[in-house]
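Structures given as structure tokens follow.
Same chain, two partners: chain A is paired with chain B first, then with chain C.
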Partner chain A sequence: MLESLYTPFAALLFPGGLFALALGLTLKGFDRRLAARLQARVGPPLAQPIYDLVKLARKRTMVPDVACEPVFLGAPLIGAVSMALAAALVPIPGFYTPDPVLGDLLVLLYLLTVPAIVLMIAGSASGSPFGAIGFSREMAMMLAYEGPLVLVVAAVAMRTGMGMGGLISFSLTDIVAYQQSHGAFLFDPVMWPALLAFLAFYPANLGIVPFDIPEAETEVLEGPLLEYSGPALGLFKIMSALKAVVVLGLGVALFYPIAPEGAAGLLVQIAKLVLLMLIGVTVVRVSCGRMRIDQAFRFFLKWPLALSVISLAFVALV
Partner chain B sequence: MTTLLQTLSNQARNMAARSPWIYRINAGSCNGCDVECATTALIPRYDVERLGCQYCGSPRHADIVLITGPLTARVKDAVMRVYAEVPEPKVTVAVGVCPISGGIFRDGYAVHAPIDQHLPVDVNIPGCPPRPQAIIEGIAQAIAIWRERL
Partner chain C sequence: MSNFTIPVGPLNVALEEPMYFKVDVHGETVANVDIHAGHVHRGIEYLVTKRNVFQNLVLTERICSLCSNSHPQAYAMAIEQIAGLTVPPRAEYMRVIADEIKRVASHLFNVGVLAHLVGFESLFMHVMEVREMMQDVKESMFGNRMDLGAHVIGGVRFNIDDENIAYLKAQLDRIAPAVAEITHLYRTNGSILGRTRGIGVLSHADAVDCSVVGPVARASGINYDVRVKAPYAAYDRLEVPVHTLSDGDVWSRAIVRLSEVTTAVDILRQCLDNLPAGPTSCTTERPSIPVGEAIGKCEAPRGELIYYVRMTDSPRPERVKWRVPSFMNWDALRIMMKDAKIADIAIIVNSIDPCISCTER
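Showing the complex of A and B:
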């Protein structure tokens, strides 16, 4: 097991930065290919997201006259960097343990809100009316899914904390270690409502159908991303690839961190992420239509919120 | 060292050329060519995504611009403005006979065809409307031109 502290190496190369980027782009490639297969198409090559990035790097970035230039260009950079940092905080069970102080669920939760905030800032700084619509929709989505997410995380943290004799433990290292010795939460009926709520959170956070309302191409022409071109748009693509790795990795750490020690642990982690991407993202995305923002808002404040509250109550009582 | 850099730059250009994103401008078309473009894009049989193509909603994301319609007086300014918003390097494809010659609208008082008086057109796809196979062939030619400009 790598006893890596929170070093620049962890944020830049492995498991954040370059490694997470390569993994995230591959995940996106799998996603696009399976989506095409489910629609009886051939689909793009697996490396298509990488081609897209190389292409965007060679295009020109245009800044609209009405945009606030420093904010407009700074927003994607902040988003990509924050996700690279977050990727270094996600444990790879059996292979990598993040820094015990920073490898904390609360830090991760805060970092996970950065992409949504960055999209809001980007949308409003671009000066486009579609960006403004995207901004308000992104904010509504965030208000809707953050609550259930925090409750799910609290349920997992409480289950771990009470199992270890305390009250609540937000340390990712503890959560992984507890499940490795006491069995994964995936097979724990008390945690099933929380798991369902977490699965609903995936498409909302990753911005895909049925919850891709802020970036809906056919309605608001990709909303906040409308005015972006070239390398700046590429940074947003990098941010979303890294976010996929972080969010899927968080799901693995919270619910099924059972893995062999050593290099095999890394391979198992990659396999889990691909599987989770295909089941939790691709299949959902090709089998749903887009919801309206009020429908999505009501959905999140009804089902995931209720499920996560039930799970939290179970954990507290059982 | 220089040869290595050249190889790398060539490699990058080859990779970049596999990701042409497409944007459609309707310059006063009767919608026939737009339906054919949508057919080309949407139905599984012609799956343009396997060529790396992606239809995008924003002109700022686009690489290849498909223009349909004879450029009517009403939309002329809007078309020029949207065209200017597509970042370089870009390739323009005229889809259908209207942007090429004006088609059945060529004698109309409100028509500014042919479109290459106003914009640099790289590929013409004649037809009223052109078949999806012809549109894919035109896009393939546009990709070849675009690759040289990257």
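Showing the complex of A and C:
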């Protein structure tokens, strides 16, 4: 394991920053390609997300007259930077352990809410009515999925903490180490409700069908993103690619961080992310339609919340 | 909750054609809808009076792409009535064939777009793939994917031989099970049901008040189909069941369309089995059209299409007026959208299968 990668390097190059961006764009490429194949289309080349970014980088960013310019342009930057930082917090089992100086699981949870907040700010700063509707939808979605997410993370942290003789441990390093010595939570029946709840969180956080409601193209024309163009839109794409790496990596760390030591660990991690992207994201998004915001809200209050509470109770009692 | 006015259209990804809905929303709920038209006015009603009777057959076909067979059909029927021409039986059957082929493609397109608006892209792709079989039929039998050019005054332009019949039957055998599968999906899939049941409801009384036509009327329980009430072409010799549902929501309209696709496949089979021999047109030369006026009407995929034609002693018609089905269905949108959610606006608009190029010409 590489113990002492110093912080700026971790956030800018590896495993956050550039590396995570390349990985995230590749994941998106796989996603689009498999989705196309499942819909009997040929699909774009694997590098299409990269081409898109290059195209956007060469264009001009238009700022609407009614927009609040500093906020309008600052929002995507904050979003992308926060996700680059978050990527440095996610461990790569067997290869990379984040420096405790950077922060633990709680910091990661906070950082994970930034993209949603940034989209809300962007939507309202753009001055477009669709952005405003996107704002309210994004907020409703966030309220719906944040609760179950926190409970799932708490269940994992408690299981680890209690297994290690304490009560609760929010250190991702501990969570990974505990599972490596005691077996992955993926095969632990007590954790299955939490796992299911976590799988429902993916499409909601990544903004894909059935929960792409804040950005629904046919309803609110991409909502908060409607007024964005050029490099500013590119930054949102970067944010979304990085977010995929972060939340998928978080899933791996929470439920299946079993991996060989050294460079093989990195390869195994990449393979896991691709697999998780295809199963947890692509297959879900091609096999159903979009929910209405009230339906999605009710869904989250019903299933993932119940499952995560059950899981927490299991962990506390068993 | 705040109030907004959001523009839906004139250019909008949810609308295939330009129409402008000014929607006042209160939070996520629609408070009022203003419909503004006039973005694709092409002056065809004027153009028609500047061309002769036979040229107009070509022009009317270009009013709309999805009902491109119904327009020349209704026009030809009106002219034939003025000239007193009797269409030979074979041509009547051929007209039904062209009509039903277009109906299958049009209905599948609308139902597919519904899936797209719900965000169910895979289903959209699948429906379009099935529709492609009918597009292949059009292309190989008529030489065109959209405009069939099937009609002439007094008959039809095309003829089909045994090879065509065998090919069409084979295609129908491929389409029928695929349509049955799609219908089953629309009846059972949670995503579709959750987004379309109870949405955009038009009650029977409102439907009568708005005089809606076509699948929109039939989904609200109005048993009206020109093919049955005022049979034209060979429809009086064919078995044409009318599908009605009573709920009047978006889902009912989709299911009525899908049922009509199944029926259209049946009608096509009946036509192919009973196709009489004989000429495909009553004259080989262009008939002379006397002074007079007439009305022709037929059931376009979207509903009742009426043509009024008045001829004077000029070869050009003095007046041609058509009343398209979408025109009748527009006003019902206000009732359907009352208290709807923003998310459902596009779905509701699509459910009347609006044809803006027909309406505005």
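The rule is short, and it goes like this: the second predicted complex is superposed on the first by the 313 of 318 C-alpha atoms of A that agree within 3 Å, B and C clash if a C-alpha of one lies under 4 Å from a C-alpha of the other, contacts with A are read in each partner's own complex, and residues count from 1 in each chain.
Simple rule for what comes next: a residue touches a chain if its C-beta (ideal position, glycine included) is under 8 Å from a C-beta of that chain, and two chains touch if they have at least 3 such contacts.
Note that the structure is a prediction, hence the values are computed from the model and not measured.
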item: Which of chain B and chain C A:209 touches, first, second, both or neither; value: second
item: First, second, both or neither for A:225, with chain B first and chain C second; value: first
item: Chain B versus chain C as contact partner of A:136, first or second or both or neither; value: second
item: Contacts of A:173 with chain B and chain C, given as first, second, both or neither; value: neither
item: Which superposed partner A:233 touches (first chain B, second chain C, both, neither); value: first
item: Partner chain in contact with A:48 - chain B first, chain C second, else both or neither; value: first
item: First (chain B), second (chain C), both or neither touched by A:39; value: both
item: Touching partner for A:58 - first (chain B), second (chain C), both, neither; value: first
item: Chain C-contacting residues of chain A that also contact chain B; value: 39-41, 217-218, 221
item: Interfacial residue positions of chain A with respect to chain B in the complex; value: 32, 36, 39-45, 47-48, 50-52, 54-55, 57-62, 217-218, 221-222, 225-230, 233
item: Complex contact set, residues of chain C against chain A; value: 2, 4-7, 12-14, 25, 27-28, 115-123, 125-126, 129, 189-192, 194-195, 341-346
item: Contact set on chain A toward chain C in their complex; value: 35, 38-41, 129-130, 132-133, 136-137, 209-210, 212-213, 216-221, 286-295
item: Parts of chain B lying in touch with chain A, wherever the complex brings them together; value: 12-13, 15-21, 44, 47, 49-50, 52, 54, 56-58, 60-61, 63, 85, 87-89, 150
